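Following this line, the structures themselves.
Next come two complexes, and both contain chain A; in the first it sits with chain B, in the second with chain C.
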Partner chain A sequence: MRKEAFFEIIRTLVAILVALLLAFILVLSVSKEPWKALSSFLTGPLSTPRHFGNVVEMTIPLMFTSLAVCVMFQAKQFNLGTTGSFFIGAVAATIVAINIKLPIIIHPAAAILFGGIAGSLVGTIPAILKSRWNASELVSSLMLNYIMLFLGLFIINFYLRDVNAGAMVSYKLEQASLLPKLIPKTRIHFGLILALLMVAITYLFLYRTKWGYALRITGQNIKFAEYSGINTLAVILYSQIIGGFIAGIGGATELLGMYTRFQWQSLPGYGWDGVIVAILARNNPLYVPIAAFFLAYLRIGADIMSRMTDVQSEVVTVIQGIMIMLIAAERFLSVWRHRMIVKGAKQSISIEGESVNG
Partner chain B sequence: MSADILSMKGITKVYPNGIVANKEVDFSIKQGEIHALMGENGAGKSTLMKILFGLEQPEEGSIILKEEKISITSPHIAIKYGIGMVHQHFMLVPSLTVAENMVLGIEPRKSGLLNIHKAVEITENLSKQYNLNVDPKAKIQDLAVGTKQKVEILKALLRGAEILILDEPTAVLTPQETEELFQELLSLKSKGHTIIFISHKLNEIKQISDRITIMRNGRNVGVFNTADVSREEISRLMVGRDVILKVNKSKAEPKDAVLNIKALNYTNEVGKKVLKDVSLYVRSGEILGIAGVEGNGQRELVEITTGLRRCSSGVVEINGQLINNLTIKQIRDLKTSHIPEDRMTYGVSSDGSIEENLISDRYDKKELNKSIFLNKSRISELSQSLVKQFKVKCNSPRQSVKMLSGGNIQKVVVAREFTADPRLLVADQPTRGIDVGATEFIRNKIIEMRDSGTAILLISADLNEVLELSDSLVVMYGGEIVAYFEEASQVNEVELGTYMLGLKTQTKEEVGRVAHA
Partner chain C sequence: MDNLIAVIFTTTFGYAVLRVTTPILFAALGALISDKAGVINIALEGMMLTAALVGVIISAYTGSALLGLIAAITAGTLMGLILAYFSLNLKTNIILAGIAMNLMASGGTIFVLFLAANDKGMSSSLNSKVLPTVQIPIFNNIPVIGPIFSGHNILTYVSILAVIAVYILLYKTPLGLRIRAVGENDHAADSVGISVIKVRYIALALSGTLAGLGGAYMSMGYVSWFSTNMTAGRGFIAMAAEAMGMATPLGTFLTSLLFGFADALSNSLQSLRVPAEFVQMIPYVATILGLIIYATRNTSKINKARREQKA
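So, the complex of A and B:
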């Protein structure tokens, strides 16, 4: 069992290395100043507190969306509506942050909670379609993302738009509703603590409660779950409702921590990135912070590289693509694994053989 | 008898889950013999034959055919070398005719299209030549199991098989069909074919084979001329000790009816009537066995009784409560346990740990929870004690189930289902495909359960098992109960076979006794 986990870690690391290597080859072949590009890519995020702050700032929403994905994927519900839940969560928080006057602490708490509820409603729709009519949650949640984008834009642009601002943005959020910054010289905000708290809560939920148990068993083998008397329809519903809730909180937190007005005019890609992080973390909340940090590091590194050199930041998508492909490909390194197993088995044969002969 | 036509040397095979199926096995056969490959389930005989047929690749070892070293990387190549295999589960397309199946992949063509007349002709000729009677124009799905097997054999012969591997060919056959198969095999032998016959049935081996190779625990433990070795010797080598073939049990003392099924009907998705007017009851403290060739309604009966399926009409009562519309959870709460036929699909979650699998029916009970959290220490205590009590061989209850052997996986299922304090136990193929030790253990546990007052419905394709374990016995054929025997111990196998095959049916009154004595 421990060997198995060890193998998975090695496999992930090798996949990352191979992806980086290929990306470097790509950089070497297109850039006039490849070494500068590489060094700004790899060490750029560490160069100044602000850059490092950028990495941590980006880690926060990634943690939320990937936790949402973890919960849904552990139940084998391939709901990709995290993006929509995240967006609507931010819109809902905007409504509370602009229209309601509340004291500090209570105001952001109310806005985040409202964001979570709005996000969970988004998660509920594919869940109901699935449990009622067996409609693929993958398809319905994907389509739903666009509906949510335009619903959100409609709310912002028609009811909350500040006509005096130069761009398509909302009114200013109430000062009391904003999340405090944690570290000076960076924009790292209180959301980091919320996100880490959410990691712990999600882990406890999945591995320490009966609902989490039922959810995981349903994901592992739904027929076995049914045979055992587990209410799998309920699992299909609540896994996606909870997933939507976490993503909604993420959207609200991101808005209140990083912005003073709502200003997205398209879907921020955190929902998709959440899938990547969840895959890297093998759907285990405990690994989410590391995986989220890693992806954020790559992103910021690529940004810095594109600003400093002639290499475009899209190089990151190449790395992502190769990494995910190698990790998802079960046969990758399986020969090595098989050899390991054969070796272990041989040892036990010889031990057994001696005892038979003896 | 001439020299070895084929030999396998030093074959070692390790499966990806770490199970060593073959350990340095040597195996050889002579031209024109019927060679039995014997061993308990899981001894490695099927794996060895899969290697010979190119379905699996060994880690070590070589194959020598007619003094030439060959490498068999796919069934295609095996066929080229004249090796054919008849699988336990037939590899036929049910919706196509016999002739179409026969020529699949080697179709005779006329202007680019399938020449069906030629295909029929080929089939007829071959069928005559080997005296294996089949109707070339019949659809596979309409054929009896024994006939399908003939088609499989003919298919191999058509592809030029000189060496024919039969993987437990009699497992699905009635005694009468088995007899017929043996005649056919002898006739094949007289025509110069070599036959490898995989089985674990002593009587059959003694009757049909010339030589025997016995495997145990992945090793070859001996090769004998069949005539020179006694049944006791074979059985001792197969299991490594003397098996108690008889189950020790006292007479049943049945009390009130726990399971009561009245006039149960079920029509499946494609409109076929799978269960017709089935009535039976099982009393506390007795084992009612259901014998029958697989696919005669047993599975549907079990699934309806345990809530996995809804019946079309009829009444199913457990402890006097109608369960027709209850959920699985509600039925389990009526103290019903279920050992499912397909343990990897229903019995366990193979990705989960042993512990997770042991609590799947009781994870939400008070004693395993502490406020909103699962009570980890209670769960760990429970799983430790179950693993010990049911002798599950593992490093720790945290180990994932897929790393266990078949017998130990079944013990996990049994440990969970038997300790739910059931009043009704539905045991569907409780010992299928597991080793002798685990089989014996589970059978004894079933008897223990009976003696402590559980009502047990036992379904098994293993005739020996139904006869040994059951107190009373019914036979299912074509979705109906065709025979009832109040004393299972007084039934003989041949008589049972005639009912299982549908050759004989008891009268309504005789069968009616099982519905209400």
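So, the complex of A and C:
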């Protein structure tokens, strides 16, 4: 078992290396100043505290959305509505943060909770369609993302828009509702602690509770789960509701931590990024912080590179794509794995044989 | 309400429905072929987007719309083959592989667009070509029907012919029989000597070809340029259209028309006093409603069959 885990780590690292190598070749072939581009890509995030702060700031929403994806993918529910839940969670938090006056601590808590509930409602719709009528959660959740975008924009533009602000943004959020900053000179906010807390809670839920166990078994083999008496319909429901809830909290936290007004006019891509991080982390919440940090590092590095040199930041999407493809590929490096298993088996046979003979 | 009726019952609206249905129909047929072979192609969106960009760039550099079209189709087919290689040979979960391809396409097209046109938003600096429109002789003089059905881009007619072609392929050819057999039960197909992997390779490649046609239409017919993420979820809508069309060519055609109708409605309603956000929501809400209707019918059929079995 230990060897298998070790093999998975090696495989992930090789996939990352291959992806980076291809990206480097891409940079070398399009850039007039490739070495400057590469060095700003790789070391840019470490160059100033502000840049490193940017990495940590981006890690926060990535952790939330990828935890949401972890829960749903562990149950083999391909609900891709994390993007919509995240967005509507932020909208819901905006409503609370503008319209209600509450003391500090309670105000952000209420806004985040409300965001989580709004997000879980988005997760509920594909879940009900799936469990009642077996409608593909994949398609319905993708459509819901767009519906949530327009619903959210409607709420912001018609009820909460500040006409004096010049741009399409909401009124200012109440000062008491904003999350405090943790580290001076950066925008790293209290959401980091919330996110890490969420990592622990999600891990405990998935691996230390009955519900989590039922969820994982259903994901591994739904027929086996049914035969052993697990209510798989309930799993289909609660896995997506919980996923939506976590993503909604993420959206609310991102809004209250990073912004003073609601200002998104399109869907922020954190839901899709959540899928990338979850795949890197093998759907295990414990690895989510590392994987989220890694992706955020790549993103900020690419941003810095595109500002300093002639290479566009979108090069990072190529890295992401190749990483996902290779890591999710069961057969990638499988020859090596096969050899390892055979060797292990032969060893144990010879040991058994000796003990029998002796 | 009177306004609404005035908008719908015009020949321009009928024309617009066919115009916006075309890309959805191509992609939905692509979804149909792969679905029949038992593989989910969620990368249709990325394939269309890539093909749209390739068509613009190649037609701008060669000065030929035809070469642009061929390049776009080739790009779509190649992506289908790549998806097949990863899912069938390397055993990547096909949904994850599809997501990866979509992500790469959305960022990769911006990257390439910047290299080719020095702009991250639109390809307007490229002098790309447009595929011709066709006036159907005699037909275009008939009132009402003429203005609705004549004068479309050539690919709109190709898309309708493609419905027939896909029907013939799936139900009247040996390859179609194999595709359906593999989708129905791959172990059974394997046991009678059909190469499951080969059939699925072909299905995914054809799926990509159709998505490529849809992408070419987007940037060389629907409009005459490429803009970032211009497919705007049409690949996903197409998957819903295919599911709701009960995985048949005719059903897929009709549901694609329905989504085209919703799309055209949202375009024309923008002149009325309805909040734009709700109007833009229409195609997506229609998709979900359609999915529910399809799914309820399906489950009630299964339940009925179960009851009959018991009785």
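Criterion: the second predicted complex is superposed on the first by the 347 of 358 C-alpha atoms of A that agree within 3 Å, B and C clash if a C-alpha of one lies under 4 Å from a C-alpha of the other, contacts with A are read in each partner's own complex, and residues count from 1 in each chain.
The rule is simple: a residue touches a chain if its C-beta (ideal position, glycine included) is under 8 Å from a C-beta of that chain, and two chains touch if they have at least 3 such contacts.
Source: prediction; values computed, not measured.
Chemist: For A:F332, is the partner it touches chain B (first), chain C (second), both, or none of the two (neither)?
Modeler: Only chain C is touched by A:F332; chain B is not.
Chemist: Could you tell me if A:G229 is touching chain B, chain C, both of them or neither one (first, second, both, neither)?
Modeler: After superposing on A, A:G229 lies in contact with chain B but is clear of chain C.
Chemist: Among the partners chain B and chain C, which is in contact with a greater number of residues of chain A?
Modeler: C
Chemist: Quick one: is A:G321 in contact with chain B, with chain C, with both, or with neither? Answer first, second, both or neither.
Modeler: A:G321 sits against chain C, while chain B stays out of touch.
Chemist: Looking at A:L153, would you say it contacts chain B, chain C, both, or neither? Reply first, second, both or neither.
Modeler: Only chain C is touched by A:L153; chain B is not.
Chemist: If we overlay the two complexes on their shared chain A, which of chain B and chain C does A:T209 touch? Say first, second, both or neither.
Modeler: A:T209 sits against chain B, while chain C stays out of touch.
Chemist: Which of the two partners, first being chain B and second being chain C, lies in contact with A:I193: first, second, both, or neither?
Modeler: Neither partner.
Chemist: Please work out whether A:L28 is in contact with chain B alone, chain C alone, both, or neither, and reply first, second, both or neither.
Modeler: After superposing on A, A:L28 lies clear of both chain B and chain C.
Chemist: So in the superposed three-chain picture, is A:I104 touching just chain B, just chain C, both, or none of them (first/second/both/neither)?
Modeler: neither
Chemist: Spell out the residues on chain A that touch chain C in their complex, using ranges where they run on.
Modeler: Where chain A meets chain C, its residues are 30, 78, 80, 125, 129, 132-136, 138-140, 142-144, 146-147, 150-151, 153-154, 157-158, 272, 275-276, 279, 312, 314-318, 320-322, 324-325, 328-332.
Chemist: Using the touch definition from the top, list the residues of chain A that touch chain B in their complex.
Modeler: 1, 4, 204, 208-210, 213-214, 216-217, 220-221, 223-231, 334, 337-338, 341-342, 344-346, 348-349, 353
Chemist: Which bits of chain B are touching chain A when the two form their complex?
Modeler: My answer: residues 12, 14, 16-20, 23, 59, 306, 308, 327-329, 331-333, 338, 340, 345-352, 356, 359-361, 363-364, 368-369, 372-374, 376, 395-396, 398-400, 403.
Chemist: Touching chain A in the complex: which residues of chain C?
Modeler: These residues of chain C touch chain A: 40, 42, 86, 89-93, 95-97, 99-101, 103-104, 106-108, 110-111, 114-115, 120, 233, 236-237, 239-240, 243, 275, 277-278, 280-281, 284-285, 287-288, 291-292, 294-296, 298-299.
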